[in-house]
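Both complexes below contain chain A, partnered by chain B and then by chain C.
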Partner chain A sequence: MNEKSFSVFREISRRRRENKTVTLSRSKWGMAGIFLFLLIISVYMAIPLVYTVLQSVKPIEEYYIYPPKFYVTNPTLDNYRAILDSVESLGVPFTRYLFNAVFTTVVGTGVYLILALVTAYPIAKSKIKGVKILNALLVYAMLFQNDTMATLRFVVMSRMGIIDTYWAVILPNLANTMGVFLLVQFMSSNISDSILEAARIDGAGEFKILFRIVAPSVKAGWLTVLIFVFQSYWNAGNSPYIYSENLKHISEAMSSIAVSGIVRAGTGMAVTILLMIPTIIIFLWNQRSIMNTMAHSGLK
Partner chain B sequence: MTEKKKRSRSSFKQQGAFYIMLLPYSVIFILFMLIPAVGALLASFTNFNGMTFPDFVGLDNYVRLILKDPTFLIVFKNTLLQAVLVGPIGFVLSFVIAWLINELPKAVRLLVIFLVYSPTFSGTLYIVWQYIFSNDENGVINSLLQTMGLEPVNWLSDSTYSMAVVIIVSIWMSFGVGFLSFVAGLRGLDKAYYEAAAIDGLRNRWQELYYITFPQMTSQLLFGAVQAIATGFAAGTINQALAGYPSTNNATDTILLYMSDYGKTRFEYGYASAMSVVLMAIMLITWRLIDKALSTFRAE
Partner chain C sequence: MKKKKSFLSLKGKESAAGRMFVLPFYVGFLLFSLTPLVKTLIMTVNDVKVEYGGYNMSYIGLENFNYIYNVDTDFLYNLFSAVGNMLWQVPVVLIVSIILAQIINTRFFGRTFVRAILFVPVIVMTGTVVLIIQNDVVASAALNGGIVAGGQIEYTTGLEDVLLQAGLGSKVIDFFITLTNGMFNLIWKTGVQIVIFLAGLQSISPTLYEASAIEGATQWENFFKITLPMMMPIIVINTVFTIVDFFTDSTNEAMNQVMVAVKNLLFGRAAAMAFSYFVLIGIMIAAVMFILSKLSKKYG
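And then the complex of A and B:
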């Protein structure tokens, strides 16, 4: 550390002691501009969500009003009641569909998180052979996600004999490279080698280092991975590799209730809202935890 | 045991741990990514139709694609246009929003993140835009135009407007994991750098962004860029939901849609695979260019 940077640090600690702001601030007009910009963006982003909520509480009479109204005059929960009624007429008990979705989502998300952490650590922080190739493959795979793979995946899975089982839902999604790649990025920028070396000298094994030191330091990273893996399982809809009715995903059962046509339009919207609720709860919890992760202090 | 021996033994153990960590994901990756991807690559040199044994046809599929298929040229152009607009706009807006809200009060921050990310909550929320832009008298925008005494517009079937509408909706949909990774990345930045820089003579927010924030965010920016490329070029779902496939004058058809047409409907897997290889080649070239551009920040 040279003399100049040392004096800068003395200045920082002096100002911190005196409770003065240390960082740059924004002007009043700047703040006003920012709020206006964020307001416009928020409205643009919120339109479909607000529209869906409004339509889901719209009584059937108002669907026939011309010209159509964006708002609702007499909100009702009839559309939600209609779902309850239809649920009873399903061939397989409703709870079975719910269980299928919850089971594959929880197991898939949990396994993927551990898998991604364990895989990302050596790629980001070791110099063993093959790691560079793996890192490149992660990016290539992210760019090569499309229908042409579906046929060959089917061949692989039928050879493994897992078609029409929970594995056919859980396993293919585990190959997703996005989460691994994101964690590699977080680990290589947030974790200094000197901390790892210190832990090794203290005799800690690599698994211990990963779960005690590395994982807590990239909490914001794996929380972000958690939310989108959760969504990729929960919103997956029905897997093309599942045929048995009693293994099907809840969204399959729900969308069969909400068949198209204006009579069921409101019910369809209510279904969309209901299916979104778990995601929203997980998301809000998730983002609050990310906000609460403390930015690490001290220069590396 | 001498010190040296001890050391090499522990590093052997350490390397072993790294390989064990990489093993499970590698197996899944090979089964569900590598085999299907290599299979698709090989299929692109054959006339595979899913039923009879494929014949090797050399580069025939590629020659046909580039020289003999005028529709491919159109969908190629559409894909490029959509990717060039949606990718960068989504990427820049994601970062700008994440950056602007970073210092706002918690509640405001959570609200904006919630709204900006809300398109991704449900796999089907984008369909609402179809009601909004609908061609018939039920379309929200058209009924609005009519109450103002203006002529309704065929937003989704008139090829002058359809692509613009698709792009507006695609941008709306583009604040996904990339955006979340920016939000999380900005939380993890080291405050001390900002304090040091403020005292050391940074004049404004733009300098701070360029000299302090970007260099610390390269990992997340890189991830966001891969995301933007992957979703930008693999466009099609929104296009099909809004304007249908094939659309009027092929105005909104993309490589992805054309590809799944050949793969799923016409059973020309060989030809479809050639398209997927071309699509991936375009994405890889774009990725290389962006990676190079971002590496200027990394060097600092």
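And then the complex of A and C:
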């Protein structure tokens, strides 16, 4: 071992003691270039978000200024107060909409994650007949997750008699194959057969192996799936399969407040902000956990 | 009591367990994706008339296909332009997102902030939220490549003037203008891919990089010899996802044509178009997966 690699080795062991990831040094100019690049992209991404926040605190007079201004001169919380007033005049109590949204989101996300793990595990790791066909189905089924299927899905669901129930919101999203495919890819690359074998010899059942060994090893994978599934339920919008007012989603009630022309434009933006908050919280928590997984193979 | 002899061998038992695991998901998939798909197939050879309380089908052979290929002049053009755009846009999206993921995965000052700025808009702005924002004049201008200067929205004409004075041909100028205006869309489209790549990068064991650091490998060698091969399964899913996302996007003209046909209740023609379209995408995906699996066998 020469002098240089010895110093690298010391650096690595020091960082390991301090429980840090090992990143190697870069040149100053490289860092500056990367920083500039990220700055430009961040500005691009942040504009709509910043704009939404600004619009939500814009008083109604400033909405009539032509040409429209990006900035707000007299910020106000009137738009948020207007939501409270509108909420009181809704036909169904506001908490009911909230409950509908939270219920479908939590149940849908939970059930989807369990289903996806249970489905992905045999496809990635077992040798049952037809695994290749099942895997190919996952890929091609991703094509049929869009609006073209809405009409025909309605027919299926009305035959099942679940139109205008919570099932009509929860079930269609469960058939989404994207998350399962993602987990299959994670499992097939991250989990070695020998660790499964060791667990079997120790007498663990398949469910135990799945939830105690496989799931923690692909934590980064299912956390990523979680954020996508959460988002698809929470931002479900106007479901074509729900008529009853007391089963409607909060985003539907909220968007009915928002679409009333320029008088309600500010309120609409305030509504948008409120709808965003849960997703942002979930996302930040989620990304922190992904960064802390540091998934290792589990073998020495 | 005499122990009953199982009618399944050990191997048979194991694969039965595997089948039990995957069963619930595929039942859902059968109902919500496969049934509509089969219905679509039946509709392609029928004249579908919507009536009160349902629809009526009468067999007309290949008349729908004849119409979309020989009578409707737009369809073939849209189909090929969609494929042509896909061929360059998908690689660009993938390369940009893997570079960004790689940058964000390293530690630097303000990483959490950059990460939040990059993804929060992508994660948050779906469904209702994006509908509200698109209805707003200023915000949609910002979304479609307008820049915010001095508090007002302006379109980028500055670059065009500079290029005209430089004496470049109109084709070259058009190319640069679409490039700069497409910048926003491009970054916007990479969000999901970056999240998936990040999860993939997190599941590569740091011990590999530590070993390569001791061997004295450079960052480039790390990237091409460790990161890329370890990420191959994730690259496969991201490629497939990007292709699907591109083709089923509502701004895609071929997709748009299908949706317009559905809105006009021309279900037979819409089914024929959707069927041809999906077969084409299916072939593209199969080709891409074949090439990528060959590549990962070679380098993996």
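Methods note: the second predicted complex is superposed on the first by the 270 of 300 C-alpha atoms of A that agree within 3 Å, B and C clash if a C-alpha of one lies under 4 Å from a C-alpha of the other, contacts with A are read in each partner's own complex, and residues count from 1 in each chain.
Here, contacts are C-beta pairs under 8 Å (C-beta built on N, C-alpha and C of every residue); 3 or more make two chains touch, one makes a residue touch a chain.
Because the structure is predicted, anything quoted here is derived from the model rather than measured.
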- Message: Based on the shared chain A superposition, would you classify chain B and chain C as clashing or fitting together?
- Response: clash
- Task: May I ask you to decide whether A:K28 touches chain B, chain C, both, or neither, giving the answer as first, second, both or neither?
- Result: neither
- Using the touch definition from the top, say if A:N235 reaches chain B (first), chain C (second), both or neither. both
- Partner chain(s) touched by A:T52 [first = chain B, second = chain C, both, neither]: both
- Task: Once the structures are superposed on A, label A:Y71 by its partner contacts, choosing first (chain B), second (chain C), both or neither.
- Result: second
- Could you tell me if A:M254 is touching chain B, chain C, both of them or neither one (first, second, both, neither)? second
- Answer with first, second, both or neither: which of chain B and chain C does A:R200 touch in the superposed model? first
- Task: Tell me which region of chain B runs into chain C after superposition, given the options 153-161, 243-251 or 279-287.
- Result: 279-287
- Could you list which residues of chain A make contact with chain B in one structure and with chain C in the other? 5, 8-9, 12, 22-24, 26, 34, 37-38, 41-42, 44-49, 51-52, 67-68, 70, 115-116, 118-119, 121-123, 126, 128, 134, 137, 139-149, 151-153, 155-156, 160, 171-172, 174-175, 177-178, 180-182, 185-186, 188-190, 206, 220-221, 223-224, 227-228, 231, 235-237, 251, 272, 275-276, 279-280, 283-284, 287, 290-291, 293, 295-297
- chain C residues touching chain A in their complex are 14-15, 17-19, 21-22, 24-26, 28-29, 31-37, 39-40, 100, 103-104, 106-108, 114-129, 131-133, 135-139, 142-143, 148, 151-153, 183-184, 187-188, 192, 195-196, 198-200, 202-203, 205-207, 209-210, 213-216, 219, 230, 232-234, 236-237, 240-241, 244, 247-248, 250, 255, 258-259, 262, 267, 270, 274, 278, 281-282, 285, 289
- Query: For chain B, which residues are in contact with chain A within the complex?
  - Reply: 10, 13-15, 17-19, 21-22, 24-26, 28-29, 31-37, 39-40, 43, 50, 93, 97, 100-101, 106, 109-126, 128-129, 131-132, 137-138, 140, 143, 146-147, 172, 175-177, 180-181, 183-185, 187-196, 198-200, 202, 204-205, 208, 216, 218-220, 222-223, 226-227, 229-230, 233-234, 256, 259-260, 263-264, 269, 272-273, 275-276, 279-280, 283-284, 287
- Task: Please give the residue numbers of chain A that touch chain C in the complex, ascending.
- Result: 1, 4-5, 8-9, 12, 20-24, 26, 31, 34-35, 37-38, 41-42, 44-49, 51-52, 55, 67-71, 115-116, 118-119, 121-123, 126-129, 134, 137, 139-149, 151-153, 155-156, 160, 171-172, 174-175, 177-178, 180-182, 185-186, 188-190, 206, 218, 220-221, 223-224, 227-228, 231-232, 235-238, 251-252, 254-255, 258-259, 265, 268-269, 271-272, 275-276, 279-280, 283-284, 287, 290-291, 293-297
- Message: With touch defined as at the start, can you tell me which chain A residues reach chain B in the complex?
- Response: 5, 8-9, 11-12, 15-16, 22-24, 26, 30, 34, 37-38, 41-42, 44-49, 51-52, 66-68, 70, 115-116, 118-119, 121-123, 126, 128, 130, 134, 137, 139-153, 155-156, 160, 171-172, 174-175, 177-178, 180-182, 185-186, 188-190, 200, 205-207, 210, 220-221, 223-224, 227-228, 231, 235-237, 251, 272, 275-276, 279-280, 283-284, 287-288, 290-291, 293, 295-300
